[in-house]
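If you scroll down you'll find the structure; I have some questions about it.
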Amino acid sequence: MSSQRLMGWALRGYVVVFFAYLFLPLLVMAAATFNDSRFPTVTPWDGTTLRWFGELANDRGMWQALTNSLIVAAGVLVVAVPIGIATALFLNTVSSRAKPFLYALILSPLLTPGVIIGISTLIFWRQWGVSGGIFLTVLGQATFIAAYVMLMVTARLQRFDRTMERAALDLGASQWQMFRRILLPYLKPAIYSAAVIAFLQSFENYNTTLFVVGYDTTLTVYIASKVRTGLTPAVNALGLILILVTVLLAIAYEVKRRRETRVPGV
Amino acid sequence: MFRQLRARFGGPLAAAILALLGIWLIVMVTLPQLQMIDYSLRPNLLPAQVGGPEDGWTLANYVTLFNNEIHRAIFFKTLWSSVLVTLLTLAVSYPLAYYLAKLASPRQAALCILLLIIPFWINEILRTYSWFIILAFRGPLNEVLMMLGLIDRPIRFLSGDAGVMVGMVYAYILFMVFPIYNAIESLDDNQVRAARDLGAGTLRTHRRIIIPHAKPGIATGCIMTFMLAAGSYAVPALLGSPGSRWFTQIIYNWFFEGGNWNQGAAYAFLLLVLCIGFMSLVMKLFKVGLGDIAK
Amino acid sequence: MDASVELDRVVMRFGDFTAIEETSLAIASGEFFSFLGPSGCGKTTLLNIVSGFLTPTAGEVRIGGESMAGVSVNRRPTAMIFQNLALFPLMTVFENIEFGLEVRGVDRRTRRATSERLLALVALEGSGPKKVTELSGGQKQRVAIARALAVEPRVLLLDEPLSALDLKLRQHMRVELKAIQRKTGITFIYITHDQGEALNMSDRVAVMSAGRLQQVADPMTLYRSPQTGFVAAFVGENNRLEAKVIDQDGERVRLDGGALGELSGRGTAPTPLANGAAATLYVRPEHLRPVAPGQGLEATIEAVHFEGAWVMLETRLAASGEKLRVQLGHELSRQHLEALQPGRHAHFGFDPEDAVVLPDDGGPALDAATGEVMEDAHV
């Protein structure tokens, strides 16, 4: 066997180990859900139970946090998606000497630690008498999620053939009609993808949320506080449900995305 | 700028685009940051004292860090540990990115990418929490190690920085794999073949052909990972112990336990400067621009 | 319906660069009019000015006698067929064709009736529900035509619409375009760099170079009586012989060809040539004929290309060393054609009626290897 093929096989072995490393922790956590132990663990195994799901269902704090998370995520969609689309359209249209500077500013929320976005949002709104809560959580999260939306919309916009726009105008469409009927339908897949990503980013966000959430605990913050204080396998049950929902979403999204990329875009 | 937008989208839509962009960049991005810096330069005052003689710009909040030996140590610990996390993540990610980009068949690559995305979509807290279970004193890792006879007493993984670093590498690995994967994928296979054909060994091919080509991806991955690691609150809070505090935890304490927002703002700004500094350094070392970072 | 198009002293400048020099031109209602020129000559700019995508720096465009100044693209009575067709990929054929009516608020029933009628016109009945991505190149072409016709334009603007098609389809579509133009009576303004297309379809052709109209004429006139060296070289193929004017009597110009002796041809430039001025005589390869030794121009045959319908000879003149291309048809006997071998000497003559004399304006830049007009250095 040549050294190159040896390297190839070593690499394949590495990939297997890598994916084990990636998924084992999640499996351990899932397994601990069914362990009839007061603490979340798989060793020792004290018998199999489903009671942690029942306990979770009775946790009113959890339901409240879930509601808050959904409200925040919806708010983030409403704020971040239009901003992201507008920014992508802006970058695609405008050429100006100020553009490199603006582009750096637009990217900056992606390169800023989440805690700092949370802190600056909290400080800024204090002078207007707004303290931590759902409103600030939406603003704080949307600040950087808008940049993700922008990146995804831009990726598709760059492949748009602008003669379509000229053709629409030439056929008598107003600029608004052109946008509504030609450009927006073209961007739709990217906008949907961006909305899914934005929703998930919001739902799982912790670092920014921690500073701006006030008393309106979101699910992520709730889980974190549970882990540090009253730790029971009910947290695992919640984790398991979230993982399953996420996996289903991920697969649905991926299937949809692949179906779309098969259709020629232009 | 408005002229170009109006020519393409018409007046109302152009105005809406500029308004949304303006609100975002000014009200959500720039002003809060400026306000934070302003805060960091003012003393912590009672509401009654605001506007009084003591209300003025001062560097006192920054001097605090300089004088507080523990905080200073934690700041540098955070810096070095984040660098270490970045390097570890790079080492773990590069082979996988290379495999995905160049060795895997398209079907295999697509499957692997889906598998990679799934944990990425799962809450950072949950991902970290799963390591909390594994690394626990009476957790499965200790059990397995004892069963194999490698250790005769359980190890307290969760009392030092090791647990935090393992958790961070795990949490941010995808931010490293994807940029590198994208960069390597764009490399023409024939270049690798040509290098091999000219007698270069595996290591040399990587050093001379693949890594130089993947530079923008490596830079992006390192910048993102460092930023996430240095700015992480969840991982050290869950996997760390009081003895292995992270700089973000100090910041949090200034805000919500010390009640000194000005002091907290100064620390937060230092964290931001640290990240910008690291980013500039990497961009300089790798000779890449901002345009290469977000593709 | 008056569908005439007038360009009145139109100028287009981009910064320091003049894309269109002052141009005035009247296109008659219902005319098939082409702009022919190498890429970069300004013909697409001119089309964009008529369609309203560009506002001229000076001058104005009138359609049907009405000034188009201040009339935006979407309000002009024009419709464009784009080079890449620009069909909307997410829409069906019906939706594409009906788009222009939809944005005008035409009701669904009327829209559908119109698109059915147009699909019949372009011979695509039954394709309405298809996605445009399912169509072949030629079918897409027809949908683009139907879509443009749906808005009942007075003027149809065509920007090299056939350039993406293969040769056979291109020739077929030429016939079809011409037929559609006759049926609808719409003014067609056609942009192309392909002289075959321009000469074949057009009522009149404007040859453009470097932002300037060189000549506007019907195809036959353009071919037989070019008015500038650029037109003579760009339209069809021409041999060039340098000479000096002896005198001009009406159309007939006598030339001193130096070592070639006396030559003569028709002076087709707008102004008569001055005696003694430098001039160029243009004679097409197909107008040269073998003549008896002692007459005409003596040349050495350098290469022979058998093209089927004709034979092309590459020769070099014995007296001046200039190149001369000669195209001979099958009206000559087989023996005669076969006798023309590289290295042989032959004599070629032409009827002065078939030769054109133009002032020595330098002509366009020609590619040294192929003798073709190179892209305008203008852009």
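Observations
Note that the chains take the letters A, B and C in the order they are written out, and that residue 1 is the start of every chain.
To be clear about the criterion, a contact is a pair of C-beta atoms (placed from the backbone, for glycine too) under 8 Å apart; a residue touches a chain by one contact, two chains touch by 3 or more.
Here the structure is a predicted model, which means the values were calculated and not measured.
Path length between chain B and chain C in the touching-chain graph (shortest route): 2.
Each of A-C and A-B has its own count of C-beta contacts, and the greater count is at A-B.
Relative to the centroid of all protein Cα atoms, the closest per-chain Cα centroid is that of A. The most distant chain from chain B is C, comparing centres defined as mean Cα coordinates. Centroids built from CA atoms put chain C at 62 Å from chain B.
Separating the centre of chain A from that of chain C, both taken as means of CA atoms, is a distance of 57 Å.
If each chain is reduced to the centroid of its CA atoms, chain A and chain B end up 16 Å from each other.
Of all residues in chain A, those that touch two or more other chains are 174. Contact residues of chain A toward chain C in the complex are 161, 163-164, 166-174, 177, 181-182, 185-186, 263-266.
Chain C makes touch with chain A in their complex at residues 51, 53, 72-75, 78-80, 82, 84, 86-90, 99-100, 102-104, 133, 147-148, 150-151.
Here chain B touches chain A in the complex through residues 1, 4-5, 8-10, 12-13, 16-18, 20-21, 23-25, 28-33, 35-36, 39, 92, 95-96, 98-99, 103, 110, 112, 114-119, 121-127, 129-134, 136, 138-140, 143, 170, 173, 196, 201-202, 223-224, 227-228, 230-234, 237-238, 248, 251-252, 255, 261, 264-265, 268-269, 271-272, 275-276, 279, 290-291, 293-294, going by the rule given at the top. The touching residues of chain A, when paired with chain B in their complex, are 3-4, 7-8, 11-12, 14-15, 18-19, 21-26, 28-29, 32, 40-43, 82-83, 86-87, 89-90, 93-96, 98, 100, 102-117, 119-124, 126-127, 139, 142-143, 146, 151, 165, 174-176, 179, 200, 203-204, 206-207, 210-211, 220, 223-224, 227-228, 235-236, 239, 242-243, 246-247, 249-251, 254, 258.
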